[in-house]
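The first chain written gets the first letter, and so on, giving A, B, C and D; residue counts start at 1 in each chain.
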Amino acid sequence: MQQIEFDTKWTMVVDIDKCSGCGSCMVSCQAENNIAPMEDGSNKLKTLTWMLVYELNNGKEFPERESAYLPRPCMQCGNPACVPVCPVVATTKDEEGGIVSQIYPRCIGCRYCMAACPYHARYFGWFDPIWPEGMEKALSPNTSTRPRGVVEKCNFCHSRLMDARARARAEGMDPNKLPDGWYKPACLEACPTGAISFGDSKNPEHKVHDLIKDKNAFRLLESIGMDPQVYYISRRDWVREQSDNHLPKDKH
Amino acid sequence: MGIDRRTFIQLVTGGVVGSLFTPVIWKSLDDAAIWSQNWSWIPRLKYGQITEHATISKFGPSPCSLMVKSVAGSPYVAKGNAENEMSKGGVDAISAGGAQLLYSPSRVKGPMKKVADGKYESISWDDAEKMLSEKLSAVKGQAGKLAIVSGDATGTSSEVLSAFAAGMGSKDCYLMPGDEQAAAVALENMGGSGQIGYDLDNSDFVLLVGADAMNSWGSVVRNQRVYADKRPTGGDIESVYVYAGPFLNSTAAISDKWVPVAPGTGSIFSLGLAYHMLNAGASASVADFADFKTLVMSRFTPDKVEKAIGVAPGVMAGLAKQLMSASAPLVISGSEFGQGAGAVDIIAASALNMLLGRVGEQGGMKLLADLPLAVDAAASRAELSSRDFAGYLAAVATDKVKAPEVMMAYEANPVYAMPQATTMAAAIAKVPFLVSFSTWMDETASIADLIMPNPHSFERFDDAQTPYGVGTTMLSACAPVIEPLYNGKSTVDVILSVASGLGIDLGYESVEAVLQAKAEKAGADWDSLVEGVAYVSDSTESDSLKFAASVLSKAVTMPKGGEIALAPYAKLNVGSSTMAIPPLNCVTVSKFELQGKDLFVQINGKTAKKLNASEGSTVKLSGAGGECVARVHINEGVMNDVIAAPLGFGHTAWDEFSRGKGDNIAKILTVGTEPGTGMAVWTSSFVSVA
Amino acid sequence: MDRNLFPEGVTRCGLPKFSLWMAFVAIFFLWGAYAAVVIFANGIGVTGLDNYFGFGLWITFDLAVIALGAGAFFTGFLKYILKIDQLKNIVNLAVIIGFLCYSGAMLILTMDIGQPIRAWFGYWHPNVHSMLTEVIFCITCYCVVLLIEFIPLILEQKQLNKIPFVHHFAHHLHVNMALFAGIGTFLSTFHQGSLGGMYGVMFGRPYAFRDGFFIWPWTFFLFVLSAVGTGPIFTVLVCTLIEKMTGKKLVEYKVKALMGKIAGSMLCLYMFLKIIDTWAWATGYLPSVGLTFDEMFYGNIYGKWLMWVELGLCGLVPAIMMITPSIRKNPALLYTAGILACVGVSINRYVFTVQTIAIPVMPFDTWEFYAPNWAEWTTCGMIVAYGVLVLSLCYRYLPVFPSEIKLNSKQS
Amino acid sequence: MEEKRASKQCGGVLAFFIGVLASLVIGWWVFPQVIYSQKTQPIDFSHKVHVEGEGMDCESCHTFMEDGSFAGLPSNEQCAECHEDILGESKAEETYVNEYLNKDVEVPWLVYQYQPDNVYFSHMAHKGFECTDCHPDVGNSDTLPTYYENRISGYSKQTMKMWQCERCHAEVGTSNACYVCHK
């Protein structure tokens, strides 16, 4: 499929060296996106975590061991594996900014997109969401609740983008040229170590424009060619190495 | 012409064919699909004006200033409050779900009295207060009959409680254990006053000895913010962090260097560094410098230190050199899990700061002045902090001290969270009348005789002064974001009302008045405090400290070695000593810590071989006061002969999100007494493994 | 009792015995139906599927039965288009099996998708880029074609066929069967291919991803060939099973051997291409994305042995056995080869479904394991039971085997 | 014999057409009525009284917020700016003040153009259009129209369907990307 280039490219940059794995982003994400609490959170294969923090290590024995944390939202790939496979156009990459949409009322729940995504960024509503009594009063107005049986994923808190555009319109500004910091996903707002940066990487006035050019910036699985809109930064060689598969002879 | 079968079939066929040309099938199909978007049993969203209010959350060990977003008056998401100096715009993993916690299934919905074991009956506030008053009037004026424990180290509410205790004639008003206790005792021994603070903001080299600054030490969220500011994404590192501790925790993971040091041996590590510094000519013009030098040079030589804590002399010398060459180095010591460290750990680390000339300096260790007390009869902060609740309970457990007639627990869950938990819980069980002021049905509430629920953080007035660890004196306050959802009542209001009934004049009518007076006395503007701006003051104490060499000499003992040491760690996402796993946090628990109901402890491959354990195998860990069952995760980020184990699991009360998950490591902590200071300590716990 | 309903001139067991058999099978059917009710009521969280394994036993089962059901279109193609007349003795059975496999797969799919009420979105809002869209269209269309092919057989039931209209209608369908066989061949080839294509296009999944011809990855063609290489022999195996159970001869062995020869030839072609494909994948594609062949396998359940069994024991071995006339002439050996081939294609569908998504593509990710639970097993069992029930009815009441009378009168 | 068959066939055709006709009648006439339930608004609100009588315009009550979001229907707080006490003599006003305002209960208005939660609609982005381009023109009417609710889907009959949104977006050249409207 033809890859569409947009004038705006909403880009997340995560500084892995600063992530302490505290989990605030994951909690905030659930609150913002109305993900019902899950009693058995330890079954990582059935829980819904649009934002998931992975634990990485350098594979060495004590005392050479080092570890790191890698928060994984949806990569909003430029060349997404999930979009072309959807049989019912429930997921697209067609909006200015390049956020990969996931439309719950359209989704039939075939899970082909989940099989296609190597980042495991897509989740399935295995059961109807149930909030403890009363907790539905703390639902966020920003994300619709989903019935069981549909696929869902991180969308960079997309309705915050819509809110920011509405605000720009109200102030007589161009809704497609938002100033840096007007549009912030919930995970960024919650991150106490400032590991997450966000903005339009095509806009030189946005911080991420330069951050993605940092010498330590990389993306996950670049060799497969999915062109993610999420970048990571780490000074540590071993972390950067784990961003992609390398043949033994290519490792240093 | 009658209708035969054939005619009927043809009629039906006609009907079916005809229906294809009507909207019936197509519209029904479409509407059914639309129905599936809006199933009535899936809740709808609420719309309305979106507002933001500042508040303080006290779910974690350290207060966090938040901006809470509400839609049509209902809070739904919390973010950090960047205007507030106390937490600098950060938010911890519990507070991030603070809005959802309003509706936690664990909330106590109104005052209740115990009618039988595990059975409670709702009563009115009037009845509850009457019941409490009766019990209290019976013990008024008698020492040793009333004990109060508060889990809120920063709030003026604890001041009110201590003043009330004083009015009742009781000296037994305590804070739950925390690093500030060791710091207060240490400062007393070093001849200082006020509160030890660390100016992380202006330091360029931070050595954290044990202190897990990203999870449990000091003002965690603030530490994280300062760390982040010093290491801008894509920019140069402005401050080097080194972590010394037994476990590659997340502080170690994001530090520039991790120095593995055996658990509970922070003082030896610090004094080992002092050796190298003294060797390099460091000194300090302090009365007992000579004693200190003699002590260090004789007992903490590189080979002895290596034998005791497993750090090679080269590593120590290198680190000492790094510290001495940094322009604003800072050494911070604390327990690896935020409690149970001895005063000597802090004295030893302070000695390093003294040798580096960093006491009272920008980016160094500070002696912060206390804010004036709001309630005159209250104990000073230093005094309240230095009181030893663990020691008290241990004495009650062994009948060295008679159990009080009434015990009141405010924002505290001692039945679950005290070290050697089983022993301590047994001590609490001896109390005839236990009152819990908890917002939650925690372990303490669930055995209490009377529960008088305090409203949730977002529903009440509260304040927080100078959390332990920060570098300046400060004060924050908040007003309710939302009307109380249930029938809670601010504990301070309850105490004020009960006190006046008992003829104790605390000088105020309401919690709001107390907090406003506190702000006024501190010189802060109440309105701006409530809007979320912290009051900050530079005032410090100018005492000159001494090394307390005599205390060090008595209190530092070299470990025997050869045993399996326990390295507990606390992570905020699974809760704190006052909070069990919040509903939204279940998914944040690592699969290396909990799977289903099984708790995982971590050991490295070498230790595993020694213990004959393998990935996933079940072990029984026994300490002095109890046992825990856990499974093993092999993690090379743990020192040899050390078991790293997460605190915060094994709840027996609360709700389905935390109850029965894993085991409570606090049970196998062993409480000992620190020679020289006499305080209860439990950072060096050894376990036997079966 | 129901003798009047039997096909002309054949004998069948007594009704009580038959009822007992049907009741026995119905137990499995109802057990699965219960699971289906649970699934529809609570959502598919009750299965063993999870976020890593969105595809599991159900999809594997669907792919396997669709591959094995390929006997229908391929035999139809050979019989009606290429006019290999001998096959008329088995083509009826092939059509029934095909219909059962396809309709069964569709029943499974209604459970497998999270929102069955929206199943029709596949037609109304199709994404023309998705291989799955092609699958949805072709499978449903082909299922209709199979139904059309199946109908004349039903209409030929002794009593029904007495009605002149039915008789004529069936006759006309028969006359035009070549047309339907042609359409069926076209549709079936495409969706067998698209099923393979579904995996081949997943460029985020190195185990399955393949280059290809125009829009079709190589797996497209490999799936077609593996299906036609096993479908015919599966028909033979089912036929033989019916023979063993009923104690009758239904199809001449030489027809079976011919089917074996056809399957064997196709399987040989398939294996030839499959081995080239695997070689190119392991030595060309994988290194290009930084992966090695070894990294595609893990432990026992994702071990290399699966691949060797699929390609060797259940691939090359049956292919050679079926094209070797001397082996093919021995019924026991032919059936063994057939079973191996069917197992092989099932393994192929399994690894493409489960192993593909079990492999951690992100280096810091981990291998995860999947075990279907009772809800998936019993619903698959329900489909098998459904097939057995329908097949039993067909055998008892429909003239499925034209040469049955001749073969059995000779015996007596 | 021949005759009988012919007549039967004829009868068959007749029955067939009766069936078709019945279906068409049910499908086009009965079904559309049965599928909607009718609801009336909780209060008999008169826009006319407010617009003509008091000289208010749409924006007086249906306001935008500072951040560009749309407040939608006025809340009790807004209504109370005028209606703190009963101003006139209408029954409707009395009901409102007594049953809602004084009891601090928001009026559960039925919104004809109700969009489900999965739609993000920004009034700010559609500010150039007339309200009545999408909403029923109630501004000058004394009564509120009946609210029709689809019994299956639960939607209002007047809820704009996606194809309508898409058509207008296409006509004015606005993007029809999914996330332009969905959340």
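Here is the rule we use: contacts are C-beta pairs under 8 Å (C-beta built on N, C-alpha and C of every residue); 3 or more make two chains touch, one makes a residue touch a chain.
Every value quoted in this text rests on a predicted model; they were computed, and no experiment measured them.
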Problem set entry | Innermost chain by mean C-alpha position | A
For this session: Indicate the whole-number Å distance between the mean C-alpha point of subunit A and the mean C-alpha point of subunit D.
Result: 37
For this session: Calculate how many whole Å lie between the centre of subunit A and the centre of subunit B, each centre taken as the average of the chain's C-alpha atoms.
Result: 30
Problem set entry | Distance from subunit D to subunit B - Cα centre to Cα centre, in angstrom | 52
Problem set entry | Centre-of-Cα separation between subunit C and subunit A, whole angstrom | 39
Seminar exercise, completed: Residues of subunit B that touch two or more other chains sit at 32-37, 44-45, 47-48, 50
Problem set entry | subunit C, residues touching no fewer than two other chains | 115, 118, 121
Exercise. Where does subunit A touch two or more other chains at once, residue-wise?
Worked result: 43, 47, 89, 104-106, 128, 144-145, 147
Problem set entry | Those chain pairs that satisfy the touch definition | A-B, A-C, A-D, B-C, B-D
Problem set entry | Of all residues in subunit B, those that touch subunit A in their complex | 33-34, 36-37, 39, 41-48, 50, 71, 74-80, 90-94, 96-97, 99-100, 102-105, 214-215, 221, 224-225, 227-229, 231, 233-234, 248, 250-254, 258, 260, 485, 571-573, 582-592, 594-596, 604-606, 635-640, 655-657, 661
Exercise. Which of the residues in subunit A come into contact with subunit C in the complex?
Worked result: 1, 43, 45-47, 54, 56, 70, 81, 84-89, 106-112, 114-120, 122-128, 147-151, 220-221, 223-226, 241-248, 250
Exercise. Touching subunit A in the complex: which residues of subunit C?
Worked result: 42-45, 49-55, 112-115, 118-119, 121-122, 125-127, 129-133, 136, 198, 201-206, 287-292, 295, 356-357, 361-365, 368
For this session: In the complex, go through subunit A and note every residue touching subunit D.
Result: 89, 92, 94-96, 99, 101, 103-106, 142-145, 155, 158-159, 162-163, 165-171, 175
Exercise. In their shared complex, at which residues does subunit C touch subunit B?
Worked result: 115, 117-118, 120-121
